[in-house]
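First subunit A sits with subunit B, and in the next complex the same chain sits with subunit C.
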Partner chain A sequence: MNKFYHTLKTLFLLGWSIFVVFPFLWALSTSFKDANAITSGATYIPWVDFEPSTQGWTSLFTNGSQGINIVGPFIDSAAVTLIASLVSLILGTLAAYGLSRFEYRLGFVKNADITFFFISQRIMPPIVLAIPFFLMLKELGALDTIFGLVLVYVALLLPIAVWVMTDFFAGIPKELDEMAMTDGCSPIGAFFRVILPNSVPGLVVAGMFCLIFGWNDFFFAFTLTFTETQLLPVSIVSLNSSVTPWWSLSAFALISVAPLALVAIVVERYMSRGTMSGAIR
Partner chain B sequence: MLSSKHFFLLPALLTLVAIILFPLLFTVRVSFSSWDVFQSGLDFIGGSNYVRVFADDRFWQSLQRLSLLSIISVSLQYTLGFALALAVWKQVRGGRLLRVLFLIPMMTTPVVMSVIWRTVFHESLGPVNDILSAFGVGPVPWLSSATGAFISVLIVEVWQWTPFMFLLLLAGLVSLPKEPYLAAAIDGAGTWRTFWQVTFPLMAPITIGALIIRLIEASKIMDTVYVLTSGGPGTATETSSYYIYIRGLRDFQIGYSAALSLVYLVIMIISLTIIAKLLLRTLVGKDE
Partner chain C sequence: MLQIDHLTTAKAKVSLDNVSFLFEAGNIYTILGRTGAGKTELLRALMGLNPLINGDIKLDKENITKRPIRDRNMSLVYQQFINYPHLSVLDNVAFPLRRQGKKKAQAQALASTMLTTVGLGDFLHRRPSQLSGGQQQRVALARAMVKQSRILMLDEPLANLDYKLREQLREEFPRLVADNQESVILYTTTEPREAMELGNTMIVMHDGEIIASGPPADLFAHPPTKDTASVISDPPISFISGFVRDQALYFGEGQLAPSEGLQLPPDGPVTIALRPDAIEPGGAFTAKIGLSEFSASQTIIHLDFDFGRAIMMVEGIETFKSGDNLSISIQAEQMMLFAPDGRNITLRDN
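Right, the complex of A and B next:
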């Protein structure tokens, strides 16, 4: 590897790293500012450029006119994401296993078509479903509730779980099931006793993707909830359109994205081991 | 046997059919009605909503804009993501840290980051214009000019989703076989030739998959636009989803927006299928 190429690579990696961290560092710095440090133009480094203040962070845990409560939205977001991910993962894993081991036939519809039906749901623009979802949840009395959102998010996440797990099960040899069944397991028993314990890497990858897409969705939460149930992305957008100061917005944003930034560590581990390649094709 | 096989598939299948298929059929029905603020309910007005869609310039312009935005942003994401994946592929020192760092943007909520980006691009108080002014570049109207707003959306999209390309492509690189590289080394092929003759062809299936997944996701873009520019200035960054949202949930023209969204869906399916076929033909050299 020649020197020129090496320098170019280092510069590229450095440049990209700066680009990636820049908005986070800016938000972190802004979250400790007060009005003076913002209205006089861009400032960067606390103590050097401005005197730090913690009002951005304390305002998130204060109720009333001065405060913005982040705890409620955080709990709602966590509840909806976790429940929907778990349900999708259970249903999706079962379906993916079925599709990889048995033959289904419904007229001209076969396994490949059913798999395609699941995965193709990702192509559906949210806006196509927003209005019927709204009317459907209204009919069920589930507008503005956690239950209603979970229902919608399951539809959103199930295709992801099926997609990742179908590929994963395709990589597990069928002999494993057959061995379990000759040992006296029923098909369902074989799945739970033998296949499932061997599927942890696939489940982790599928679970991660469900968490990412669930936690980060904005549109459905935005159209289907109002005041009773409020998720983080919706709260921050409504704060953004009112006169909320930048320091509170920044602190709020950092807390909202922190949990999933940690997920990156887990994803990296699986990616580097090559466990992920099966999940991609 | 019969019951256990259905035990696996049916719960998921029925759930999805109930949650997706019925609403979709309902949308089809609504698109033939004049449901709006004044008249709520399902009457039947034939295909006049569809006739209106075809004469709606604002919709077709939003579609053009969306195509331009998706194609440019996905190409950039792919090129940068591939370059990053190659750069850290064999990086040992600090490799782990860089990989985690490069993945982080895709884990963050687009609307939440857009709120931050809005302050970053702020014309008088934001850091971008402040830094640019140090180089003598005058205040750039990031969010208030048509071109500036388009480029801002592009930058945010590239920041957010290059990691996704990086993830898929690096996972692909990690699982490549070793033999072709030995053969290339014996042939005395340099870095550049090895890439084009060995790595790139081996990565073709993953390339196709990654491009299609990203194009699908990019075709739905609306969160970022909503927060960053609200489609503006004027309609300069209005994408199809956002326009349909305005018609449906803001103007409450339910019937008309249902027709719009179905036309949009059909166009998306057709164009993505064509793109997928073209990619397969050029990169793998076969159909299907």
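Right, the complex of A and C next:
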């Protein structure tokens, strides 16, 4: 019976893996095709079904496809996402620690209300924020700049960081902070010396979410930039014109996905590690 | 010397109510009380973890009530085995020394010595999560002791350990804290036996107040109040309503109670306290057997008398059938009398 379930499980996982991986394989295959190979029906295996070409990849670095060079947007995207994620993570972690350890009260507003306020920023549809953000960045002279996008992305990513980290800190016993203070730490020292080193899984999860949402955002990247700054999701869309270069589009898509996939592979082991074991029994 | 005056914390499920006491250095004070009596609240208030609404804490006559936690020169071992999960056992114990400004090598050398003292010399580079419960609590104890604080507080440190480990650590405890002669040691527990075994002075807490204190043997022999007698008795002491009339003592509705050797108070209601060893099988009273249970090499039997319920303890493992009637004798020399206000009013003929 066990063997049966094991086989069933393996088959299911295999099927699911194919379902998930196939689009990537398809994009990989397409990125090495040329116009002829794409328009002549479904082909799968290079050198057998079609003659591979690196045109799709090289054109991205030589302004070949619709005059688009991927390097600039890639650097812009990386800069905006990394800076915004880092700032959000730092501010969000500090805010979450405060919310999980201290009681705030301003009239009827308490900790739970403040936490909800942060989360509520993500509840409303982005379109609601587009015009206010546009006007604010215009006033600041930050439209179409990395700085302006970082500001907007911090506003968007901060709720995620606060949400994830508040939940994570709630799982760390308060006695650990108290212990650190009885052992000679100030409250902020307890945070940096004890709580933060034990929060790596939470930080990794929050960081991953920030990177994913920041990297993949299209809407604000589209509405708040014109020519000076361009992020990957907007660039990839501009590839799609009357004659879509599917080979370049596929290569572009793979390059866009690669950083997140790499980060996920590297940090996965931190996400699954339960570092709080041994803190309290 | 640690002096606390009128410590009071905000009203909560458990709060301190005007607690005053003088703790002398070099003594082990066991604080005994039931769950919710305020033991942990007292330690946390001393440590500065729970805010006071009134009262002063003086260490060597210096008022430290408003001092930050880190500057109080106190250590606390929690009931849960709290250690720093990201640090090795050695670094856990060296942590407070590093915060005191000691160099890493010096801190680790002192920590290593302390860990050897508590029997963990072979586990210096393990993580706390790789140790058993008893070993984890030893790490916590070593970390608290290595600081050589003036006040060492242990909040039911053995409560989460299994029976064998508890017995073992209880036996070792005096040796482990022997180096802390300059410290005041406060040890809270819910177990009377532990409190009597480990403390030079026993403090009994109830409802957020200190209701009795003194040498454990004296307190056990002469508990000043009914609440004290109740807290320090294990197995539980039984309280039976009674009264005194015409120089005779009666149980309940009027069954004559033994009173040889007792100086009875004036006529009026009293509470008669029967320790489990005051009741023996064979005698003039009859009781119905309720639950019987074994504790180590003794048998504890719950009895239903006409005048109330009581607990009897007999040496050895014996089987009593629930529901049977048993003839019982009650030893007046093991009885105590309490006034309606709870004061111990037991007087014996010399």
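What we mean here is this: the second predicted complex is superposed on the first by the 238 of 281 C-alpha atoms of A that agree within 3 Å, B and C clash if a C-alpha of one lies under 4 Å from a C-alpha of the other, contacts with A are read in each partner's own complex, and residues count from 1 in each chain.
Simple rule for what comes next: contacts are C-beta pairs under 8 Å (C-beta built on N, C-alpha and C of every residue); 3 or more make two chains touch, one makes a residue touch a chain.
None of these values were measured; they are calculated from a predicted model.
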Touching partner for A:71 - first (subunit B), second (subunit C), both, neither: neither
Which of subunit B and subunit C A:140 touches, first, second, both or neither: neither
First (subunit B), second (subunit C), both or neither touched by A:186: both
Subunit B or subunit C, by number of subunit A residues touched: B
Touching partner for A:109 - first (subunit B), second (subunit C), both, neither: neither
Which of subunit B and subunit C A:18 touches, first, second, both or neither: neither
First, second, both or neither for A:198, with subunit B first and subunit C second: second
Partner chain in contact with A:95 - subunit B first, subunit C second, else both or neither: first
Touching both subunit C and subunit B, counted on subunit A across the two superposed complexes: 186, 276-277, 280-281
Parts of subunit A lying in touch with subunit B, wherever the complex brings them together: 1, 5, 9, 12-13, 16-17, 19-23, 26-27, 30, 38-39, 41-42, 44, 91-92, 94-95, 97-99, 101-102, 104, 114, 117-118, 121-136, 151-152, 154-155, 158-159, 162, 186-188, 191, 212, 215-216, 218-219, 223, 232-233, 236-237, 240, 246, 249-250, 253, 256-257, 260-261, 263-265, 267-268, 271-274, 276-277, 280-281
Contacting residues of subunit C [partner subunit A, same complex]: 47, 49, 68-70, 72, 74-76, 78, 80-86, 95-96, 99-100, 127-131, 133, 136, 143, 147, 160
Partner subunit A, residues of subunit B touching it in the complex: 1, 4-9, 11-13, 15-16, 19-20, 22-24, 26-27, 30, 80, 83-84, 87-88, 96, 98-113, 115-120, 124-127, 129-131, 159, 167-168, 170-172, 174-175, 191, 205-206, 209-210, 213, 216-217, 219-220, 222-223, 226-227, 240-241, 244-245, 248-249, 254, 257-258, 261-262, 264-265, 268-269, 272
Touching residues (chain side subunit A, partner subunit C) in the complex: 173, 175-176, 178-186, 189, 194, 197-198, 275-281
